[in-house]
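Multiple structures follow.
In the two assemblies presented below, chain A is common to both, partnered first by chain B and then by chain C.
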Partner chain A sequence: MTVLAQQLLLGLLIGGLYGLAAAGLSLIFGVMRVLNVAHGELIMLGGYGAFWLSALLGVDPFASLVIVIPASLLLGAVLYWGLFGFVVRAHEETRVKNSLLIGFGLALALHALAVRLWTADERSIPTSYGGAVLSLGDLAIPLVRLATLVLALLLIVALQLLLSRWRWGKAIRATAEDWQAALLTGIDIRRAYLLAFALGTALAGAAGTLVTVAYSVSPSIGLEWTLKALIVVVLAGLGSMMGTFVGGLVLGVAEAASAATFGGPYREIVGLVIFVVVLAVRPRGLFGR
Partner chain B sequence: MTAVGHERRWALAILAALGLLALLPLAGPREDLLNFVFLILLSITLAESWNIVAGYAGQVNLGHAAFFGLGALVTRTLWIGGTPVPLAMAAGAVTATMFALVIGVAAFRLRGAYFAIGTLALGEILKATIGNVLPEISTLPAATIASYRLTLRYYLALGLAAVSVIAVATLATSRLGLGMRAIREDEEAAEASGVGALALKLTALALSTALAGLAGGLFAYYHISYYPAHPFGPHWTFDALLMTFIGGVGTLQGPVLGAALYVVLKEYLALRWVDIHLLIFGALFVAIVLLLPGGLVQAAERARWMFGRRA
Partner chain C sequence: MLEISGLESGYGDVRVLSGVTLSIAPGEIVALLGPNGAGKSTLLNCVAGLVRPWGGAIRWDGDDLRALDAHLIVERGVALVPEGRRLFGGMTVQENLELGAFAPRVWGGRRAALERVYALFPVLAERRRTAVQALSGGQQQMVAVGRALMARPRLLMLDEPSLGLAPRLVAAILEALAAINREGVAVFLVEQNVPAALSVAHRGYLLEGGRIVGEGSGAALMADAHVRRAYLGPLAVRHGE
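== the complex of A and B ==
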């Protein structure tokens, strides 16, 4: 019983990161109707950012968020100007398909680049507090993972505030709701797209940092994280960042439950099955209005 | 020059090139050259098979490796169990096609990018399951290794590449292929003018996965040892996608040129740098999607047009 509870707890803790990873994808998808399948590779880059900041400059991995987030924001803007900005001119169906293809090519290139630059080795960041555990009855809560869950939640709340209070946040939401109407009311939707993409990439960078602190990073984690984010987005639907976060927690717990029931190797499958089932029920996917 | 005549001319040219390659083993070349050409031939089959669904019917299937893997799994199991290879490969192809038809009915309810990510998830499910059920490496029995003949595999690959080229050429010039292209351009409009979209998409998928299953069977017949989950890996899908797009999606000759270029570049660059070919191909692929959706085939046509020669 305790073993099961412990496993579910660990599932919940990684679920927060699933939510954070999915939030960026969901924001970009919801606003731009662009499906960036290189999202996982952006997470991977964020992870390496934190790793090298720690390895070369001795920056604490949590503190490195202060550098990784703005750097990812900039990277997002560059990717928008260089690649995805061209896609948003197309009709919606073509747009989703072309963005998928571009994201795919980008994912391959970034993966190969990461292997070339940093080898295929798996890396983690050693910290003095890495082994600290909070005991709660029979349960042991790894402090670092708890911290990543809390930080993920804080980032989601910050994003929520940004989208509801900030002038441009409202513009982003208006564009997501109906870009034609937004255009008619004088919103510069290109800038809303740019901001959404940059913010989404920043969230990916933050997620990557937290993943690397609590777990590890290697060039090949991209596809796995893209799939997790996609599963959560499909599960939670678009529009609510908090909903996405909860969707992430659900996936984390579901994976842990499936691993406990069918054995460790099967933890990946449950999410994919959920994904396929939800898609089968809602074939128009997330736009089903 | 009509489009149909164009396809026929290319089909003849490619088959002639394959005919020349049939003479290669007679010259008694080094084994590594035969292996190299084998890889190109296998890639041609894989790319053309993916091209049928993506290029003609317009559905980006990101789970293609599942069918390649199923073909490999069934062929390997039956062949090691004593079934003659042609029979085992046929069984592999049939299994892949049956599986494709079952999931196709559900998957084709998804449109555009949803079909792509849905099939990606299906492929990953299958890969993870096979990896869990069959974690042990599959190695040929010593007696089989002793009687292993590369030339036989080479000719099988050659035959399969020829079959896939003929299949795509026939499809491209047929009513069936025309209907598929109508779906690719505008599914609603095609349905409105009497094209049964689901039936045609399933036909495309069946043909595509039968070829992929055969290619998987060839893989299983060729390799002495591999992990059963390996042919289910997503890189088989990605390779097919890259080769097809860079050559020219929806054309007969595109995947053939793309496959040859891909394998040559991969082997050439792998001597110096691990995986750097993927960086180049990834970047090239992005450039092609953005600037030149027709791939190298379209680039060649544009060049010909610019230099004022008859297309």
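== the complex of A and C ==
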């Protein structure tokens, strides 16, 4: 019983990162109708950012968020100008197709680049507090993983505030709901697209940092994270960032339950089952509009 | 103020407008009448920048609007209330209205603009924190008109504002349009409800098959035999003759 509870707890902790990873993908898809399948590779890049900041400059991995997030924001803007900005000029129905081609190309390129620059080795960040554990009855809560869950939640809350309070945050929401109506109110929707893409990339960078602190990073983690994020987006639906976060927690716990019940190899299956079931039963997702 | 000449447009290979020429002067209320599929919405969407013209010119104070993106046309003072209202359903009344003042020219004055809209539609002030989805059709139309007014337009274009509304609400919307017009805003009104449109319009154009086939004062169009036969039905013709 304790073993099961412990596994579910660990599932919950990684679920927070699933939610954070999915929030960026959801924001970009919701606003631009563009599916960035290189999202996982952007998470990978954020992870390496934190790793090298720690390895070369001795920056604490949590503190490195202060550098990784703005850098990812900038990277997102550059990727929009250089690649994804061309996709949104296409007609709405052809956008997803075109974005898939660009996304797969970008994913392959970033993966190859990461292997070339940093080798295929798996890296993690050793910290003095890495082994700290909070005991709760029979349960052991790894402090670093708990911190990543809390930070992920804080970032989602910050994003929610940005989207509900900031003038351009409202513009991003309006563009997501109805881009033609947004144009008619005087919103420059290209700029809303750019901001959404940059914010989504910043969330990916933050997620990558937290993944590397609590787990590890290697050039090949991208696809796995893209899939997790995609499953959470489908599960939670579009339109609510908090809903996406909860969706991430659900996936984390479901994976742990599946691994505990059917054995470790079945951990990955449950996500795909959720994916198919949600699409069949409730295509707009749990919290989708 | 607005001069459209030889305007041609359509979707894909399908031509909708073939050489439309019309003009609107400051302070006028102009109605655009015509059957379904005549191209009325396409015409408004061309002016607003949502649909690309194939040819011809759309001049606003002498400048060609065809070169401008839609959000810059709003900035110039031309606002459209689109067909079906197209409100941001997940947001409140006030959020929808405030977004209407997004253009840089008017953003700073949005508080004052909001008070003017609430003065025009007091019921919206009571429901400012309500999600627009929860409003009745008439109230939603008021939000749509209010959102366009928030951009402080000199020309307000409306695409079928009476669609699906009870007669009492149609009258309320038209009354509001007359009040807006008295403050100096020109109004370009597309309407299926011809008697309602002509009751407030100074002038009107008839658009059929993508061409302007008639124009005249509101009263003249109302009395026109073709208009009566085509838009007011056989009953009106019998009574009129």
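Observations, loosely collected:
Definition applied: the second predicted complex is superposed on the first by the 279 of 289 C-alpha atoms of A that agree within 3 Å, B and C clash if a C-alpha of one lies under 4 Å from a C-alpha of the other, contacts with A are read in each partner's own complex, and residues count from 1 in each chain.
In the analysis below, a residue touches a chain if its C-beta (ideal position, glycine included) is under 8 Å from a C-beta of that chain, and two chains touch if they have at least 3 such contacts.
Remember, predicted model here, so these are calculated numbers, not experimental data.
The superposition on chain A brings chain B alongside chain C with room for both.
In the superposed pair of complexes, A:T185 makes contact with chain C only, with no contact to chain B. Which of chain B and chain C touches more residues of chain A: that partner is B. In the superposition on chain A, A:A174 makes contact with chain C only, not with chain B.
By the document's definition of touching, of the two partners only chain B reaches A:E93; chain C does not. In the superposed model, A:L163 makes contact with neither chain B nor chain C. When both complexes are overlaid on chain A, the residue A:L249 reaches neither chain B nor chain C.
When the two complexes are overlaid on their common chain A, residue A:G239 makes contact with chain C while staying clear of chain B. Shared-chain residue A:L149: touches no atom of chain B or chain C.
Once you line the two complexes up on chain A, you'll see the smallest CA to CA distance from chain B to chain C is 13 Å.
Interface of chain A with chain C (complex): residues 167, 170-171, 173-174, 177-178, 180-189, 239, 289. Against chain A, in their complex, chain C makes its touches with residues 48-50, 69-71, 74-75, 79-80, 82, 86-91, 95, 98-103, 106-107, 147-148, 150-151. Of all residues in chain B, those touching chain A in their complex are 60, 106, 109-114, 116-118, 120-122, 124-125, 128-129, 131-132, 234, 238, 241-242, 245, 273-279, 281-283, 285-286, 289-290. Contact residues of chain A toward chain B in the complex are 35, 37, 83, 86, 93, 96-102, 104-113, 115-116, 223, 227, 230-231, 263, 265-266, 268-269, 272-273, 275-276, 279-280, 283-285.
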